[in-house]
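What follows is a pair of complexes built around chain A, which joins chain B in one and chain C in the other.
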Partner chain A sequence: MDLFFQQVLNGLTLGSIYGLVALGLTLVYGILHVPNFAHGALYMVGAYISYFVMVDMGLNYWVAMIAAAGVVALISVLCERLIFHPLRHAPPIHDKIAAIGVMLFLEAVVQMHWGADFRRMPTPYTSILHFGDITLPAQRLLIIVAAFSLMGLLHLYLKKTMTGSTIVAMAQNREGAFLVGINANRVAMMTFAIAGGLAAVAASLFAPINLVYPAMGHLLLTKAFVIIILGGMGSIPGAIIGALIIGFAEALGGFYISGTYKDLIAFALLVFILSVKPTGLFTKGVR
Partner chain B sequence: MLKLENVDAKYDSFKALDSVSMQVAPGELVVLLGANGAGKTTLFNTISGLLKPSAGKVSLNGLDVTGKKPSSLVEAGVVQCPEGRKLFPEMSVMKNLMLGGYVHRRDKAGMKKTLGHVMEMFPILQEKKDEAAGSLSGGQQQMVAIGRALMGRPKLLMLDEPSLGLAPLVVKQVFEAVQAINKEGTTVLLAEQNAFAALKIATRAYVIENGRLVMEGDRDAMLGNEAVRKAYIGA
Partner chain C sequence: MNRLVEFLVSPAMKILLIALALVFPFVAGDEYQIYVMALAFIWAIAAYGFNIITGYCGQLNLAHGGFFAIGAYVVAILTVDHGWAFWPAFVASMVAGAVFGFLVGVVSLRLKEHYFAIFTLCVGYIIYLLLDKWEEVTHGSLGIINITPPEGFGLIDFTETIPFYYLVLFFLVLAIWLCSRISNSLVGRTFRAIRTSDDLAQSLGINLMRNKVLAFVLSTVYAAGAGGLYAGVVRFIGPAEAEIQHTFDLITYMLVGGIGTLMGPLLGTLIIMWLTQFLQSLEEYRMIVFGPLLVLLVIFFPMGIIGSFLSWRGRRAARRSPAHKTLSRVTEDDQDDKNREAGNNA
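On to the complex of A and B.
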């Protein structure tokens, strides 16, 4: 039973990270209908900025995380302004090609600057907590708490503030949003900034228990797509629940079935759920 | 107040508006009559800035607003209550109304006052304020849509077929509300197929056919016009 709970905790950690990444992806998709293939690269850049600020500049972990969130949010907004905005009237395939271009560009820049080596990011939280027979490294606890706090904040922002509501309004009825005077450009920039910031925070949280390298965003991006397809493209609760499903499935599947195949589980689940419920689990749009 | 000069609008190569010129004076209630597909909604969307005219000029109180963004037009006081309502279906009625006042979001006191006014006009919305807008009946949704438009404190309110798909009793209620809004000093441009009911509350009317304005006249002239009676009133 303890082993089971241990896996549940691991699943929760994974689910938290996936959730932060998938939320950004689903927000951008719900509002602009752009599948942002560059989202994984933004995550990767976030990890590198954190690493750079912490290791090369010797600053505090939290400062590094905030710096990464700021820089990546800015890069994300620049992508919107310089690439996706000019393409808004183009056929949808152009957005997708451009997004892949951004992904390759960011990876190449990082590789040129920092090299292709695998790096390990240090964390100030190295202690290990014990709850009976269950062990929980402090960094994992931090991931869970930070991720869920951020999701809670995002929820409050979208539900309770006027500016946050404009994002939801735009997802629920685009023309209706225009007709009440919501500025489409502002909403687009805000959405990209939030998506980029969340990805960078997720990367800064996850990097200490993972490795930092230029291609680190690939698998995560494909999993994030699996999650938002499961949850229904554009659905916020869908992204969170989808992330937890994939997180638990990987942790439990990796332990009880085979660790070698743990990355396969997400995709097997995708095939299964889509053949049973082709529209995804929660397809009501952003709430 | 609103002036259109030779406005053309196109969907790809299809010309949906052909040299439309019209005027709405402050305080008027102008009705735009036309069958399905005649170009009423296109004309409204062109005025609202959702569509850019391919030629011609739209001006508001003498200022050129041709091709301006919808958000600038709402800020200038031109608010459209669109056909099909275009509410935010999963948000509460209250949230829909508050978003209607988006351009006045910093004026909390003013928004509260307008909200009180909307609730007074449609008391049912007070009762339903926490329900999702999409769960309401058609008539109630229309009230939310009109209320949401009013929250933008329009100087010119454009209503696109507010009676569409509503029960006769509700239609009457909606027209009464429109008339009341106009009497309080808001200029109204009303697109309708329900010609008789619309003309009864109108100051003036235009008739649109195939993207062209083919007729113009004041209420009595329109109500008495044989062609209008035949085509839109059926008596």
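On to the complex of A and C.
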């Protein structure tokens, strides 16, 4: 039973990280209806920046995380301004291709600058907490707490502030939002900034218990897509629920079924779900 | 000027291109250039497959590189682990491409636009993970070495570069010929109707699912066949063949040449492959150049070289004489059709 609870905790850690990444993806999709294939690369850049600030410049872990969030948010906004905005009236295939271009560009730049080696980021929180027979490294606790407080903050921002409501309004009804005078450019830039920032924070939180390398975003991006399809593309609670489902499925499946193929579990779930219900679990209709 | 433009689209141009390809090994500086050209032809075959599903039918299949890898692995596993000869293994690779393509297509093509692209991205990743992890069958991340080259039955030695070049050229011409037949047929027009609008095509009585699956299976057979040839010439493959970069390379080839045009994939592949060769030092970091290049192409130049040329020619003809235009539309219905297609695509 302890082993089971241990896996539940691991699943919660994974789910928190997936949730932060999937939230950014789903926000962007809700606003622009673009599947942002560059999102995984933004996550990867976030990990490298916090690694660089913390290890090479010797600054505090939290400073590194904030710096990474700032830089990645900026890159994300630039992508919106320079690429997705000019392509907003293009056929749907074009912005997808452009997003893949951005992804491979960012990866190549990082690889040229920092090399392709696998790196491990140190963490200031190395203690391990014990609850009976269950062990919980402090970093994992930090991940869970930080991720859920960020999700809470995002919820408050979207529901309680004016600027947050404009994002929700535009996701709900584009034309309606324009009619009441919402500035579409501002909302799009804000959404991309939030999405990038969340990805960078997720990367900084996850990097100490995972490896940092240029292709680290691929797997996470594909899983984040699985999550937002599960939860309905554009849906915020859907992304969090989907992330927890995938996190638990992987932790439990990896333990009880097969450790080698645990990365395949999410995709097997996706194939199964889309075969049964082509529009995703919680969506009401095809966009 | 006018003659030149007309020559470029005339049948004589095709004969000239084939003749150029035939004499290339005799004018090439060294064997390495012939080898690069043969590789470029192999990638061009895969790009033609991509062009059928994405260019003509409008479905962005991000697992295309994965099907290339499946073809390469079928040849590698059958020849190295099971002692098959190359040719039966090559046929098996295309059959595998068709079978896997059908299975994936039947599930994935029920999804539209974004869902389809995301789903195929995941399929590509599943293929990569399987090739990497399923060590009993695929040799895992070590890859497979010493793949049997094509047998020449005592007449030709395909381990030599020049005979192999001609072999690949033969398959390329076959692939382009088949593609042009498809493009001009009712099936090809059906594909383009689907690209223009799913709903409109359906209201014309087109069976969406059947035609999309057909386009998908055709494209995966192209990809798997190209992969099989690749395994035969390079004779070493690894899971890296299934990485998303290859799919992206193929998109670049297609976009540079002109997506949805007949000669676009070939032109794009040759230009980019040779550019990469000249920028040898860039090989590993080529995406620093090609990533932004692709973004710029998509924003400013979405029709590619051939597409832009055709639409420029179409506009020119229209400007010269309106009467001539209607005439030319009857006689060169096909070419004009492509102009409009290219226009729609943009």
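Just so we're on the same page, the second predicted complex is superposed on the first by the 281 of 287 C-alpha atoms of A that agree within 3 Å, B and C clash if a C-alpha of one lies under 4 Å from a C-alpha of the other, contacts with A are read in each partner's own complex, and residues count from 1 in each chain.
Everything below uses one rule, namely that a contact is a pair of C-beta atoms (placed from the backbone, for glycine too) under 8 Å apart; a residue touches a chain by one contact, two chains touch by 3 or more.
Predicted, not measured: the structure shown is a model, and the values here were computed from it.
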| item | value |
| --- | --- |
| Partners on chain A (chain B, chain C) - clash or fit | fit |
| Which of chain B and chain C A:L179 touches, first, second, both or neither | first |
| Chain touching more of chain A, residue-wise (chain B, chain C) | C |
| First (chain B), second (chain C), both or neither touched by A:T126 | neither |
| Contacts of A:F225 with chain B and chain C, given as first, second, both or neither | second |
| For chain A as apex, the angle formed with chain B and chain C - C-alpha centres, to the nearest 10 degrees | 90 |
| First, second, both or neither for A:S165, with chain B first and chain C second | first |
| First, second, both or neither for A:L274, with chain B first and chain C second | second |
| Chain B and chain C, minimum CA distance [Å, superposed model] | 12 |
| Footprint overlap on chain A, where chain B in one structure and chain C in the other make contact | 287 |
| Chain C residues touching chain A - in the complex, by the definition given at the top | 54, 58, 60, 62, 107-108, 110-115, 117-119, 121-122, 125-126, 129-130, 133, 244-245, 248, 251, 255, 284-288, 290-295, 298-299, 302, 345 |
| Touch list for chain A against partner chain B, complex | 162, 165-166, 168-169, 172-173, 175-184, 284-285, 287 |
| Contact footprint of chain C on chain A as seen in their complex | 29, 33, 35, 37, 83, 86-87, 90-98, 100-109, 111-112, 218-219, 222, 225-226, 229, 233, 260-261, 263-264, 267, 270-271, 274-275, 278-280, 286-287 |
| Touching residues on chain B, where the partner in the complex is chain A | 48-50, 69-71, 74-75, 79-82, 85-91, 95, 98-100, 102-103, 105, 148-149, 151-152 |
